[in-house]
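A single structure is presented below for examination.
Going by the order they are written in, the chains are A, B and C; count residues from 1 in each one.
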Amino acid sequence: MQSPETFPASADEASLQLHPNGGLRHLLTLKNLQRDLLVDLLDAAQHFVTPNGSIAARSDSLHGYTIANLFFEPSTRTRASFDLAGKRLGADVLNLDVNASSRKKGESILDTIYTLQAMHVDIMVIRDASAGVPAYIAQNVEEHVSILNAGESDVSHPTQGLLDLLTIRQHFPDFAGLTVTIVGDIAHSRVARSAAHGLHTMGVSDIRLVSPAKLAPQADEMPFATLTDSLEEGLRDANVVMCLRIQRERIADLDGIPDVEDYYANYGITDARLAVAADDAIVMHPGPMNRGIEIESAVADSARSVITQQVSNGVAVRMAILERVVDTVTRR
Amino acid sequence: MQSPETFPASADEASLQLHPNGGLRHLLTLKNLQRDLLVDLLDAAQHFVTPNGSIAARSDSLHGYTIANLFFEPSTRTRASFDLAGKRLGADVLNLDVNASSRKKGESILDTIYTLQAMHVDIMVIRDASAGVPAYIAQNVEEHVSILNAGESDVSHPTQGLLDLLTIRQHFPDFAGLTVTIVGDIAHSRVARSAAHGLHTMGVSDIRLVSPAKLAPQADEMPFATLTDSLEEGLRDANVVMCLRIQRERIADLDGIPDVEDYYANYGITDARLAVAADDAIVMHPGPMNRGIEIESAVADSARSVITQQVSNGVAVRMAILERVVDTVTRR
Amino acid sequence: MQSPETFPASADEASLQLHPNGGLRHLLTLKNLQRDLLVDLLDAAQHFVTPNGSIAARSDSLHGYTIANLFFEPSTRTRASFDLAGKRLGADVLNLDVNASSRKKGESILDTIYTLQAMHVDIMVIRDASAGVPAYIAQNVEEHVSILNAGESDVSHPTQGLLDLLTIRQHFPDFAGLTVTIVGDIAHSRVARSAAHGLHTMGVSDIRLVSPAKLAPQADEMPFATLTDSLEEGLRDANVVMCLRIQRERIADLDGIPDVEDYYANYGITDARLAVAADDAIVMHPGPMNRGIEIESAVADSARSVITQQVSNGVAVRMAILERVVDTVTRR
């Protein structure tokens, strides 16, 4: 069968992720993933968190396993995080930075996957600019292979969502009653979607999505969240403020998109604007961060900022997921 | 001495590959390599073959050794295969993807090699678009360094040839009496040349090379093989059918080269055309594969297809070769 | 704080390199580094030197540590040397080849560093085209992180300077009384600066810098050295001759820069010209080498040439530095 240019949506991605034994086999999306599975992953990740300045957590649990990082979109941060997570578990890591345009010219994506599978790759970490690719691959690999979504178009970025949940839980152990505000280019953000779905599952009742009208999501896309274009309204009494950058590379028509000064004036997260947030509010950013555009530089370096903590948690979360899917598959 | 733009042909590449102790020190070509050496490599490779779905074979036999993958032509599949083969033997692997054009501007290729040699690199895996490069390097390295050819212009691709032999032997333990048909752009194919030389050495008496006239090899180049432009004639009673893609990147003058539809109509391997082949015929392809051009998609996914088995065997063959050359050199 | 396009010079880089416990924590420059520290590093490096043809020296002293090679300028040789040095000490090595232009578009360099720091990277190896970057980073990382300068604009390349010192010491154990002549594009050479500062600290009294006028350093920059545009004068009785290539990529205005033939005629190191040097003179080159431009090919391959020895020493020096900074930081 030929690989199409568009990839069919999976009927039920959430259940596709699960092994018949009930364990997590793939990580494709946080949408509709059960709360106990999320909690289990967060607990496992917490074990890999070590204090700043101490040596990194390690294990040999993936010795003998092979991970392929298959990035069809450029990435430094997520690729490095998965690379280190794999190496620190003792796995062999194969890094393949594949130009997406060369993919179209050459063999189909499934043939690339079949090739890696035949090389005894156990886990494939996939980043792709097209929606549906990770699930499409997950439906076509053999039963001993796990697929981890490392960023899928504007749809999903589940490991980012998990590291956001872990970071929030480290500050607010009880998700119920929290107010979480995500500010910026929600429309084009896989980070916002994965965070929102994860927060909803964890029981956060007040999720607010703040953006200029042109960057708002579909009105009915996340019915559990409140949409607004007023930053002040969004920030009022918020416990968690998550800033996003404008994903200009995913915006076909930049007409009507605020310019940098305009955006900062109306949506930049500044210390002054945070005055209406809760006293103990934390500020998050998935990176890369544009200081002076979506976030005031002083805020990024302030005591409220948990941005580098998110990065540390990212490695821990990925180690936990790698261990979990290997455990699931070997229990089959 | 300066590195020339063209590289002198070695008087006797086959013997250049051998250590005075009789063992294999370099792998440059399958041409004129002795049958017992091939059999020994195939036997060693077979030990590294594990069933699909099981964990990959491993060893620590190359712990402490350093392998440099020096690819002057782009490669994903062969580079990944050598990378994993080295890591699964416990070696340190250095991946250097060097732009060939930058090579011409900078230091000579020998100076690059001397640099790696001085860094205690034990094995250099070389892919290059110019004929003669691997042998030229092999003649100039110190006696403790081994050179493995990972693809040399249209001349030679010996590890591919070996994995093809191993795959065929897994289906037909006795090479004598086999009919093997290679179809496609023979003229520009290092894969065809290495396979044909290996098959000839292993005693295959009926080797058929099928291609349109413009893509045929020199008439006297492989005197042990039969040349034809008739696919039906080539496929009749064949036990093994190997499909090749058209190497457009190596063809200076595309005039007279069949277009995609024309090629598929006359030389595409389809299920219908395979009706004249032997009942137990297997279908091979070195990849990357263009479904609907040189091979019907249904054939690639059929029970006859051994294409992913070739990929698995590729890692096993490369592990065997890495072990063998280290063994040869340390016995000196 | 935002990362500026120009980086502030550190008031006292030499002392910035030292930990309060007196040990070497960063390696930024050889300028003003104490002689006993240099001697200690050379002694440690010498332990990692193994004979040509023997297996590389190894240790597990950095098992569990993470090294990031962060190269904002292209490099094959230095990157490979650091990569192997780290792997041979058992460290996890993360290779990040970052396009400098993308750095300007995206997050600030400090935010990239904070990200790696949060991933528990212990040692960052930095190459950058801008002066001041390694010291700027060193001033901003947490106390458990070490910064190693792998090439900084035309300012400094301290690991190259150390490998040059080690190579010279292997031939001339006593630095006092030596005549060392550096020939070529001194103005744009970080190699020349690091070598000259190291040689001065080690007590070499006769350091000569030979270059055409347009490629000479500032007259007062290295007051301990003699400047001349006469190659014959420079080579007379020299014990060590170090050739440099013209760094055309760093020269904004090529007007008045000698062309290749002209340069070779006047400044190329040939066997004939070396007749005035000391009988036991050695010839060095940091690579990549342009045979027939700054050095006669026969000289590069002659018994006087210690060029590949420099490369071998490069890995040993980098292993010693990696061990030393880890030792310093863990003693804190």
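Brief remarks on what is shown
The rule is short, and it goes like this: a contact is a pair of C-beta atoms (placed from the backbone, for glycine too) under 8 Å apart; a residue touches a chain by one contact, two chains touch by 3 or more.
These numbers were taken from a predicted model, which means no experiment stands behind them.
In summary, the pair subunit B and subunit C forms a contact in which the copies contribute largely different residue numbers, shared numbers making up under half of all those used. The copies subunit A and subunit B differ by a rotation of 120 degrees on their C-alpha atoms, rounded to the nearest 5. Annotation: 40 Å between the Cα-based centres of subunit B and subunit C. The multi-chain contact residues of subunit C, meaning those touching 2 or more other chains, do not exist; every residue touches at most one other chain. Partner subunit A is touched in their complex by these residues of subunit B: 50, 52-56, 58, 76-77, 80-81, 83-84, 87-88, 287-292, 297, 301, 307-312, 314-315. Subunit B meets subunit C in the complex at residues 1-2, 64-66, 68, 92, 94, 96, 98, 106-108, 111-112, 114-120, 122, 142-144.
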